[in-house]
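Going by the order they are written in, the chains are A, B, C and D; count residues from 1 in each one.
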């Protein structure tokens, strides 16, 4: 398991290969890339700044990944979240999950993203033509996380 | 949309970047990588050979991707399936879907994989210590595809 | 009526051919008729295409049901359930 | 009791501080008490931490509910709902 919070870009090839190259039991890797969009809630976005709570972030992400591993077969997983200032089309987050079969890989990957969105202490501030604004939490994200409760 | 059937390896970085780099409306890319495992149904696998039905394969994949685009917001999508002889840990298939939001990207990507598994004319033959054998279709794959019927 | 017949994967190996272009008798109008006609060859043809065996068919590269009508120069493919991905 | 208080994102900006280490009065035993104590500062403190405003709290880096007990040297963080990913 790899959890990283960093300002630098990451290499998707290297991160995904690290999940399967040494383990021939891996039949499926589901991955998710979140990117900065140039528009949000109708306003143009020139840059996005990400702040986090060092220490708690890594702990929260590790707990979410461990929780996914209790629900599905997770052979390995990587979560990388960037902080600092990013521009449209730049990757913000990578979640990649390796499993024997695709159903587990997809479910665990989406579960981790849904809880990352609602539980991991990151905050986004957008620079728009009207000035800077903190991004509001979305109710749809709470709903997405809530659907995993059984 | 890119649909390719090829014997060569593909570059995950390049394929995924092509889906978002030129389009700042893309906020989410969900991708799936299917890999050759070294064991299947209890038997060791030394190589996997993939055969397909040229012409129909590309047509079936394009229809599946178009169907996904009618159900979810798909800004762009790539499906690459390899044929020929592959070894354990080698990638077989890549499905990557770009969307504004993660829910659509995940759903469309998993939908495409489920229908690729049951509708696209590819066949696998495994070389095992006991000789060669054609891989049997899995009932679980039919069930996975059937759950999208509403 | 002449059609192009294609076989793939295990069926290609068992039938020891990947394609043929037979002249079909007038009695063959549908895919079901074609399958009957092939079964009359006996041996592996009767065995592999027997009712209850798992195989699929496509006409002109679309998966189809057995009551589908055939037309001159159709491309008809018969193959095992698919196992890609 | 002394605790370490951390503020993040919009609250860090509005409170014009990212952290403080106050000596709390004996009456403060729970997170709810701490929030009351902070609201008594008035101004942005009363406003931002008012009932009905959306904020979250963590004790020692775990998200917690307001009836959680505080202990000497706890790290208590107060922040807006998270928006990562």
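One rule holds for everything that comes next: contacts are C-beta pairs under 8 Å (C-beta built on N, C-alpha and C of every residue); 3 or more make two chains touch, one makes a residue touch a chain.
It should be emphasised that the depicted structure is a prediction, and the values quoted were computed from it without experimental measurement.
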Which chain's C-alpha centroid is most distant from that of chain A?
C
Centre-to-centre distance between chain C and chain B (centres being mean Cα positions), rounded to whole Å:
26
Here the gap between chain A and chain C, centre to centre from mean Cα coordinates and rounded to Å, is 48
Between chain A and chain B, the Cα-mean centres are separated in Å by 22
Residues touching two or more other chains, restricted to chain A: which are they?
34, 102, 113
By residue number and range, which residues of chain C touch two or more other chains?
85
With touch defined as at the top, which chains are paired up in contact here?
A-B, A-D, B-C
Chain A partner, complex, touching residues on chain D are 6, 8-10, 54, 58, 61-63, 77, 79-85
Over in the complex, which chain B residues touch chain A? Could you list them?
11-13, 16, 20-39, 88-89, 100, 102-103, 105-106, 109-110, 113, 144
For the complex, give me every residue of chain A touching chain D.
34, 50-53, 55-56, 59-60, 81, 92-93, 113, 116-125, 134-138
